[in-house]
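Paired with chain B in one complex and with chain C in the other, chain A is shared by the two complexes that follow.
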Partner chain A sequence: MFFHLIKYQIKKRLNTKDELFWSLVFPILLGTFFFVSFGGFFDKYETFHAIPVAYVQGNNKSLDSKYFDNFLKELEGGKEPILEISRVSQEEADKLLKKEEIKGIIHAADSITLIVKEDGMDQSILKGILDQYLQKSSTINDIMKTAPEKLEGVINSLYEETNYLIEDSFSDGNMDAMVTYFYALIAMSCLYGCFAGHTIAIQAKANLSNLAARRVVSCTNKLQMILADFFGTLFVQFICSLISLGYLTLVLKVNFGNKMPLIICTILVGNIIGIATGLFISAVGRQSENVKMGIVIGITMTECFLSGLMIQNMRVIVEKYFPILNRINPASVLVDSFYSLNIYDTYERYTKNMIILLTMAAVLCILSYLTVRRERYASL
Partner chain B sequence: MNSVVKIDNLVKRYKDLLALDHFSLDIKEGEIFGLLGPNGSGKTTTINCILSLLSFDKGSVEVLGKEMNPQRYDIKRDIGVVFQNVAVFNELTVYDNINYFCGLYIKDKAKRKEYVEDAISFTGLEEFRKFYPKKLSGGLLRRLNIACGIAHKPKLIIMDEPTVAVDPQSRNKILEGIKELNEKGATILYTSHYMEEVEQICTRIAIMDRGKNLAMGTKEELKRMIKTGETIEIEVYQLNETQQKEIKELPHVIDVKYDEHQLKINCSGGKHNLVRILDYLQEKEIAFGRVYSQLPTLNDVFLEITGKELRD
Partner chain C sequence: MQVYRAFLKILKKNLPAVSIYFFIFMGLTIAFSRSGNENSKTQFEQEKLTLCIINQDDGGLGKDLKDYLSTLHKLKNIKNDKETLQDALYNRQVDYILYIPNDFTEKMNQGITSEVLRTIKIPGGTAGFFIDTQVEQYLSTLKLYLKADYAKEQAVKQAKKDLSVQTKVTVPNGEEVSELEPAFYYFNYLPYIFICITIMGLGPILMAFQKKEISDRNNCSSMSLKNKNMQITIGCITFVTFCLIIFMFLAGIMYSDFVFSINGLLSFINAGIFILIALAMTFLFAQFAKNENILNMGCNTIGLGLSFLGGIFVPHEIMGDKVLQVARFTPTYWYVIANEKIQGIKSFAHLPKEVLISFGLEAAFAISIFSIGLIITKRKQDAK
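Moving on to the complex of A and B:
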């Protein structure tokens, strides 16, 4: 009996075009839109290369010049060199710049100068590097002249400052900020399960639909019916989410890091909370079906808005002024789960979020059942 | 015979509106019981109380000899319901809809398959089994609605106005089908505001209005309850008030109405009423045209009991 009900629930959901649109087509369309919009960013990141530059050393062989040589060697060394330096004469450097084979000429004589032919990102990076060097060397020189005993402390301080700016991954996730948009998209598609949850409630309350009345007068008990509807719906929602995820990962090549099993697990929990939310909202109250649908859409959109799925900084604003909302808003907790997977190497926060979501889903489902199981209605 | 449905002194209020006013009913096994009444008379409320969908203020409902409540799945197993509004899934085909609802009652897959086929053949939906409800005409949808309600072969079938907005061909098919179900052993509770249907198929009838059971019996018993035994209608071109009074004084004449050249005379039982009236018209040299005579209908019964037409 139970599998008979689940089988038909799956069939029904697969034939419900509007719900399938939100669960499957919408994430794919929006994902494609994101990809097209952010495509340039991805390309820049992936094709970053060392900036070709010519280094023309003057006759000055001072200590400063030696430090600057070492500094440049650091920049052209390592796994991901920032500069590709050609050590040439002034004439040769001018030729290379004219042919646009280099982005600029660094000339180190009495002072360090940068010669560029045109404006651009690479030229800005070169200028930034040199400015930083000049500023720090000037600071060190001043300290040496005025208070040499403090030099070690200042150097350590500058070193710490530099470390502060280094990007360091604490997890196997992808730290790329653009991926957060795709996480938001997946989270939103999970929460669209609320529409299917709404339908489950409508088809379980005899005072809301004729179909529910026909089901309620049968000899199948309500708990069995609701559970079958829930799991059938969850199955379809989950498959839709996996297809969307597959599209993002395999077709659009969005890098979600190395935690795919946990991302899938989060999607499953996200679908559960989405369906449970719709079920609960439509199960309580005496409003008509259309009013309930309006409430479901309103509440879900508000949840999404407050969780930053529409405006990125919203979650930070909520955290600042009304932090409890971020703990009880299913959308916020779901988004936080994705972020914590992405950012942290430990699973403490992620596990906590999963427990919160599952507890909320269980509470919503139990309350829904207690409302729906109501024996007789005062009016139909 | 055993009672299949027994309602005793049922009272149901919707705030200030008294929907069922100490309503009682006793449907015996093997009957096609008609519940006849105008819209808003309380027929659907009665059904919803029988099915334990609605709460009620007073009284009791017994189905198949046991007190009915929402948890009586053993009773529900033997009840089939055809609701007034079509209640099927638009996302499922005709076959899947019937199979789904049959599956709420029948666990055995092979048995269910057989029952579904029976229901499809019974309602004449063989050609439409793969159709989705949106592709069906109103009549076919009604037939699907019936198939979903009766596929599990229940002992008691409750049909709430199953022929509303149905074309004559489908209506006849539905009525024939109801008789067939009854012949196969099902007891049927049939509600309608179409008196012709109720007269055609029901073995016993209750007439209800404003939540009250006004009269109950076979159609012959109901017709015997009223004074009118025959209604005669004659096309008369001119008739003055004196002549109308003289006709009213003829033997067995209860009431005379003359409007737009139509003379309508209600007579109590008795023979040769028509001959007597025609003799009078000839004697007075009153010109007349077409003549109709008909025995009382359930509408006459309703009219005499409530003072209003059944379809008012």
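Moving on to the complex of A and C:
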């Protein structure tokens, strides 16, 4: 009987096109919108690329300009060039700057000047590079004046290979902060199980639907009925979330880190909490079906908003002013779980999150069942 | 005017659903409007980033390096705990983490130039590259003075003096580094809200008049079809005019200087043309929608889709070139282009042609979408 009920619940879910749209199509559409809008942000804005610049040589060619030319050549050569230099006339350079094809113009005559159109990281790096040249010249001049006997050793040491800095990293996870939007999207897809949870409650409360009135007079045990509805719904919801995840990782190539089995586990737990939320809200109280649906949507959307679906660093803002909210908001806990799996090499925080979510789901399910069981109606 | 009155009655019933979008809009505008205190500047300013320096060196050079970097960037004290630092770097609360080990001074004195400091940054990132070059420049300058047998204190003093030498940076004459006004963001989010409000507000009404029973009943009444359609059209125009007035009124309260200027007038025209596009889209979509759930799905998909693709939520500069080529086929793209160009206008004489082109294209979108809607209505009627 139990499996028979599950089978029919699954069939019913697959035939409810409205719910399938929100659980399956909408996350895929929103994911695509996110991807086309800021999928390239990390590469375009945060990753270093050779800076396009124009180099204009003035008429006054002193001996220094030879050193400066060599200095620039070194910067544009090698495996990972720092500059992409166009050697052009002043007029041509002005045109390129106006069309924003270059970030700045290096003008070398009696002195070195940088011409830029606006502030920015590339412009600051350009200035930093030119500063290096001027500062090194100043150092050599100083030493030449004060300790000329050491000059040869100093100049030789200029050509020594140095690597003062060693780059370390906390983890090999994806550091692109925009992925947070996709975490929030998956969390949303899980929590949209609340619509199906709402339907389970409507199908179990005889005062809310004709179907429920028919079902409660049958001889089937109510716990068995609700559990079958729950597992049938969970199955369909889980498949929808997995399809969304598959689309994001395989088609859009969003990098969620390398712990896929645990991500899938998290999604399952997310679906449980989503369905449990809808079930609980619609099981308690005597409001009409539409009012209950309004409350379900309102709560779920607020949870998603606070987890960063609309504003990427929302979770950080909440953490600063009201951290407890991040511990009890299922959407934020889900986002934090995906984040912990991506970034940390330990599982402490992830395990804590899973315990929070499972406890919440268990409490919601038990409370919902206690509300629905043994309900009697004087008249319907 | 029975039809018009029935129109307003249904509208009144739908107002709560429409008002949700009004609050979403207010939230978006307040969350995203940045202060416009820096309207223009002609001076170049070097980028200032946020660093976390964990200095364990007790020889003195570590502190000198920290002091030097504090003159260039903002320093942030964060607990030396792996998880806290990881979170801060991921959330871009710091751009760069620098560990100065306890043997830093000793190594520098011995002339060791390899792996004296440990850094953590976004791999391959621009910010990391920028600070790396500054730290390396400091260390290499210091090394040259130490190599020349300067005393430690003297070497630091000389290095700092040399590092204060700066390249002259100029901004071409007449070029002003300008930032966008907060009103820009207000007008930029309007299309999303217009699409949602018109679809959710007018969609159910248009659908109601198209219901088979109601439409059959209306058709057999003495009122002519022309008269009925005219009243529905007046109803739609009342609704969009009312929306436009409310949003312009709000803009007038929040950004009065901007609204009561040539820029405000042009923004009003831009918004006015766009609400006609939203109206045309609602008219077209109502021909397909069978119930309110489908209307709701369509509203979210069309509203969010056009907003993301057209550059309402995310600036065009961030979007890829290929995406932008596709975006040209959306009305929202041209709305955003017009909105951007309107910002800098000082008089009608300097009206950029992009603004007029965008207005024209938006109007063309409205007419074509409306025409498609009309063709579909005609086909439907013929099919009957």
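Just so we're on the same page, the second predicted complex is superposed on the first by the 242 of 380 C-alpha atoms of A that agree within 3 Å, B and C clash if a C-alpha of one lies under 4 Å from a C-alpha of the other, contacts with A are read in each partner's own complex, and residues count from 1 in each chain.
In this text, a contact is a pair of C-beta atoms (placed from the backbone, for glycine too) under 8 Å apart; a residue touches a chain by one contact, two chains touch by 3 or more.
No experiment lies behind these values; they were computed from the predicted model shown.
S.K.: What is the contact status of A:Thr139 with respect to chain B (first) and chain C (second): first, second, both, or neither?
M.R.: second
S.K.: Looking at the overlay, does A:Ser86 come into contact with chain B only (first), chain C only (second), both, or neither?
M.R.: Touch partners of A:Ser86: none, neither chain B nor chain C.
S.K.: With both structures placed on chain A, which of the two partners, chain B or chain C, ends up touching more residues of chain A?
M.R.: Touching more of chain A: C.
S.K.: Quick check on the superposed pair: does A:Gln287 touch chain B, chain C, both, or neither? Answer first, second, both or neither.
M.R.: Once the two structures are laid over each other on A, A:Gln287 reaches no partner at all.
S.K.: Based on the superposed arrangement, let me know which partner A:Lys150 touches: chain B (first), chain C (second), both, or neither?
M.R.: It touches chain C, and chain B stays clear.
S.K.: Should A:Ser65 be classified as contacting the first partner (chain B), the second (chain C), both, or neither?
M.R.: neither
S.K.: With both complexes overlaid on chain A, does A:Val116 touch chain B (first), chain C (second), both or neither?
M.R.: After superposition on chain A, A:Val116 lies in contact with chain C alone.
S.K.: Quick one: is A:Leu29 in contact with chain B, with chain C, with both, or with neither? Answer first, second, both or neither.
M.R.: Touch status of A:Leu29: second partner only.
S.K.: Scan A:Thr371 for contacts with chain B and chain C and give back first, second, both or neither.
M.R.: neither
S.K.: State whether A:Thr249 touches chain B only (first), chain C only (second), both chains, or neither.
M.R.: neither
S.K.: Hey, which residues of chain C end up touching chain A in the complex?
M.R.: 28, 31, 44-47, 82-83, 85-86, 89-93, 99, 113-130, 132-137, 139-141, 143-145, 147-150, 158-159, 161-163, 165-172, 175, 177, 293, 297, 300-301, 304-305, 308-309, 313-314, 318-320, 323
S.K.: Give the list of chain B residues in touch with chain A in this complex.
M.R.: 14, 48, 51-55, 69-71, 73-74, 76-77, 79, 81, 83, 85-89, 91-92, 96, 99-101, 103-105, 107, 148-149
S.K.: Can you tell me which positions in chain A touch chain C when the two form their complex?
M.R.: Within the complex, chain A contacts chain C at residues 18, 21-22, 26, 29-30, 33-34, 36-41, 44-48, 94, 97, 111-125, 127-132, 134-136, 138-140, 142-143, 146-147, 150-151, 153-154, 157-158, 160, 162-171, 175, 177, 310-311, 313, 316, 339, 343-344, 349.
S.K.: Which part of chain A faces chain B closely enough to touch in the complex?
M.R.: Touching chain B: residues 1, 4-5, 8, 11-13, 15-16, 206, 209-211, 213-221, 375-380 of chain A.
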